[in-house]
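Shared chain: subunit A. Partners: subunit B in the first complex, subunit C in the second.
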Partner chain A sequence: MTGFAELLLSGVMSGLIIGLAGLAVTLVFGIARFSNAATGDTMTLGAYGALLGTTLTGSLIFGGLVGLLAGALAAVLSYVLVFRQLANRSPISSLLASIGLAFFVRAGLGLAFGHNQSVFQLDIVRPIRFLDLRIQPNDLKFAAIALVTLVIVFIILHMTPIGRRMRAVADNPLLARVSGIAPRPVMFTLWAMAGAVSAIAGIILGMKTVVSPEMGWDMLLPAFAAAVLGGIGHPVGAIVGGLVIGVAQELATPFVGFTYKIAVSFIVLLLVLLVRPRGMFGRVEGVR
Partner chain B sequence: MNLTRRQTLASLAALAGSGLMPSLTFAQDAGTFRIGALNPITGAGGPYGTGMQKMIAAAAEVVNAAGGAAGRMFEVFAEDTQTQPQAAVLAAKKLIEVNKVQAVLGTWSSGVSLAVLPLASEANIPLFHCSGAPALSVAPANEKKLGYRFQATNDRFGRAFAEIATKEGFKRPATMAFNNASGIGNTEGFEKAWKAKGGEIVASVVYEPAQPSYRAELQKILDAKPDVIVMGSYIADTTIILREWYQTGEENTFIMPAWAGNPELVKALGPDVVEGIISVDSISNEGSPAFAAFDAAYQSAVGHPGLTNVYAAMTWDMVTVLALAMEAAGPGADMAAINAKIREVANPDGKQVSSFAEGKEALKSGPINYEGASSVLDFDEFGDVTPDFAASFIRSGEIKREYVVTL
Partner chain C sequence: MLTIENLTGGYGETDILTGINLTLEAGEILTVAGTNGAGKSTLAKAVVGLLPRVNGRVTLSGSDITRIPAEQRARAGIGYVPQTANVFAALTIVENLEVVEGVKDRKQRIVEMFDLFPALNERRRARAGSLSGGERQQLAFARALMTRPDVIVLDEPTAALSPIMADESFRRIRELARTGTAVLLIEQRARQALAISHRGAIMDSGKVALEGQADGLLADQRAAELYLGVGH
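Right, the complex of A and B next:
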């Protein structure tokens, strides 16, 4: 039983990271209306930013903030330089451009930091024993950071004027525009938020594992899966989707082994989409 | 003639392109032999690649200084595999199709060599590589027998692991393998050798790359209470696994290949976590005259002792063996004839030689056996060699070799 509980725990941790990345994907999709393939590499950028910040300031917290800012800034820049130019074209143009941007960011990071791995020097601590369950204090901190991030995103989306405008644009861009909502502040906030959320996912992943130029790209597929599973464009859905994927993967391992656990998460995705093609939280959308 | 802007641009581009052409036209000059130095300059093999490439150039210079191989001078074309199959394939295509190289030397990492070997075979040129995957020995990858391995197979690594585990008195080994040909090759080689000794494996796991956590995998292994975990792993996954392992408070030790248990691992985790880990690597033919020659060349080209880069000793041997085979096949020989001579000049029952010049001289009077810098370099029927292995222990953050294992 403890075995299962520990698998559940490690699934939740993986799921939170996948979910955060999925949240960044879904935010962009909801408002800018395309799947941003550069999300993974924005994660990587955030992790390197945090690494650099930590080395410069000697503090993980300041380092994390530097990473966060780097992610947000990079995302806003990518909007200004690339995606705004393509806003009136088909979403495929933006998707393709985002793949190119992903390559660019990854190559740039490889050039700047090399392809060898880097690590955050976290203190290595023994786990807390709780009901015979081994809980990592660091995991608790990461989970707390993830939850705080979520809460902030929801506060912005649901309790601020800019959030209301963002949701209006997500709902119906034309109607929002004729109602006098200026698109620029909405888009800037959106990209800054998506960039910051990606960066946080990347920083947590980097702290749990190792930082390398490919780390974010490797997470892109699970992140897309989480966004789709949750109902694309739905923020809560992305997080829940990530958790479902993470937990399903880990809980399946006693039955299918470790090689096929990734396949299991995609079977779950398939099954959910068969029953609910719009995803767990998604709405049916009419053709505009 | 009324040219549009588009036509003008197109013709300009064609002109610019044709500027590159002359180098192709003279590709098949009988006086030179073109070799491709395809090495991991960046990526996971980065710490070794530059030295490997410099030793190909240095060994080629030695051959040229001795009058060339069967009268042909070596010309080296260098490329980077980035330690990635995709990039390696592009680079190999460029070397083969644009530079018209007649041999490709020095690929590292099994994924890369497995991707490049079919291209080389297709062009009927040999690939000399430093990769461990057992699949590189046999068909389909090595159907034409043009692949030669200068590194130990992962299977032989596994056998060395088993020898070391026996020597250290371990009773309950478990295995963890990265899910690719090399990782699984290591642990399967170990399992075979260990079971042949009558031992038992208490648990084994094959894990996927790029996971946010390996807790579940570790949990399964640790539940079996192993006294040693034998790894077929790489540096990044090993870093994550060891960190999570240490946090569980278990006290078993690890046996792992040296490309995972290296100074970078110590730097990433600190001396406490890695204390007592046994890191295993194939070693050069240290103490041989060929190694001394390589060492001198490495010192002058790279500025470090030759002992620091076993793969550079391999690339040094690659050029020398190729040159000796060409010399044995005689002037104007085609690749099939040269390929037929490779085992003849490297394997026993000839006069032992340690350099190209020595071999060239000895070939006039009879068969030779090149004893290399990387190993005694005797190719079996699959084109594989059997080097010696060293067991190094990490103690207080220092990786120190304690003994040598001969299979």
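Right, the complex of A and C next:
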């Protein structure tokens, strides 16, 4: 029983990371209308930014902020330099460009930081015992950060004027323009948010495991799966989708082994899509 | 108020509009009718700034707006109700109004819109995607009116409506024009539209085939046979 609960717990933790990455994917897809394959490498960039920031300032919190800003800045730059130029072409060109950008970022990070793994120097804390379960206090902090991130994204989208404009553009970009909504501030905000969320996912992943140039790329497919599972363009759905995938992967590991746990996420994805083609939270709109 | 001079343009290489000249005064209603595919919606898009390629000139209150992006035209006083997809389905009713940019005294304006369309007020927290066709059209109208536009372009506003609701819609349009707004009204119900209009234009293959006073067009045998349908 304890074994099961611990797998569940570790599934929730990796699920939150997958979910945050899925949230970044779903935000970009909802508004810029393509699947951003550079999401994973933005995570990596955020993790390295945080590592560097921590080394420079000696503070994990400041380091984390540096990583978050690095992710946001990189994403805004990727929009200005790449995706804005492709906005009037088919989504496939943006997708392909994002794959290219992903390789570029990964290679750059490999050049700058080497291919060895790096680690954050976290204080070793004694696990909290809850019944028979050992819980790492850091995991609680990471989970809290993930949830706060989701809440902030939700508040921005639903309770601020810029968020309302973002949802309007996501819903109907042409109608948004004739309603006086300039696309540029919306796109800048979107990319900054998506970059920051990716970076947070990368930082948590890096703190829980190790930082390496490949860490984010490996998360890309589960992140896409979480976004699709949650109903693309649905922020809360992406997190729940990530949790489902993370938990399914961990619970399946004793049976299928570590190597195949990625495959599990796709089996879950297929099963859910068979029942609900638009994902768990996607809803069919009336005719517009 | 609005002038359209030698307007040509289209979505790709081919010109859909082939030399349009029209003017619209403050407080005037101009009906644009014509068969399916004549280019009526394309003309509307050219006026509001959504047509990818245009040549010629569009002016608003004397200033050339031909090269100005759609969002700036909207703020400069051009309202637009598209033929389809004319509300933000994922947003609530009140959000559909709040989201409009370039509105002076937004809170006050929303109150005015709810006074004008009480049915919307009752469902202000409902998602626009859940509205009936008639309510949706009211919301689209209210959204376009948020900026207190000088010119409003309505693309078949009564197409999805029952005859009774269409009458109601025409009544609102006439009242709007009385307050000084210039209305470019694209309509399939051409006779009814002309009946409340000052002038009318009939489009055919990207051109204005016939233009004149509304009552003249209604009486015109040729217009009647060709474009308005006999009877009604």
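Heads up, the rule we're going with is that the second predicted complex is superposed on the first by the 275 of 288 C-alpha atoms of A that agree within 3 Å, B and C clash if a C-alpha of one lies under 4 Å from a C-alpha of the other, contacts with A are read in each partner's own complex, and residues count from 1 in each chain.
In the analysis below, contacts are C-beta pairs under 8 Å (C-beta built on N, C-alpha and C of every residue); 3 or more make two chains touch, one makes a residue touch a chain.
Fair warning: this is a prediction, and the values are worked out from it, not measured in the lab.
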item: Touching partner for A:A170 - first (subunit B), second (subunit C), both, neither; value: second
item: Partner chain(s) touched by A:I262 [first = subunit B, second = subunit C, both, neither]; value: first
item: Partner chain in contact with A:G110 - subunit B first, subunit C second, else both or neither; value: first
item: Partner chain(s) touched by A:I181 [first = subunit B, second = subunit C, both, neither]; value: second
item: Touching partner for A:V119 - first (subunit B), second (subunit C), both, neither; value: first
item: Subunit B versus subunit C as contact partner of A:S10, first or second or both or neither; value: first
item: Superposed model, subunit A: greater residue contact from subunit B or subunit C; value: B
item: Contact residues of subunit A, present in both the subunit B and the subunit C interface; value: none
item: In the complex, subunit B residues that touch subunit A; value: 42-44, 46-47, 82-83, 179, 205-213, 215-217, 219-220, 223, 235-236, 239-240, 243, 246-249, 264, 268-270, 272-273
item: Residue numbers on subunit A that touch subunit B, as the complex places them; value: 3, 6-7, 10, 13-14, 17-18, 110, 114-117, 119, 121, 124-127, 134, 136, 205, 208-210, 212, 214-215, 218-219, 250, 253, 257-259, 261-262
item: Subunit C residues within the subunit A interface of the complex; value: 48-50, 69-75, 80, 82, 84-91, 95, 98-103, 129-130, 143, 146-147
item: Subunit A residues within the subunit C interface of the complex; value: 161, 164-165, 167-168, 170-172, 174-183, 285-286, 288
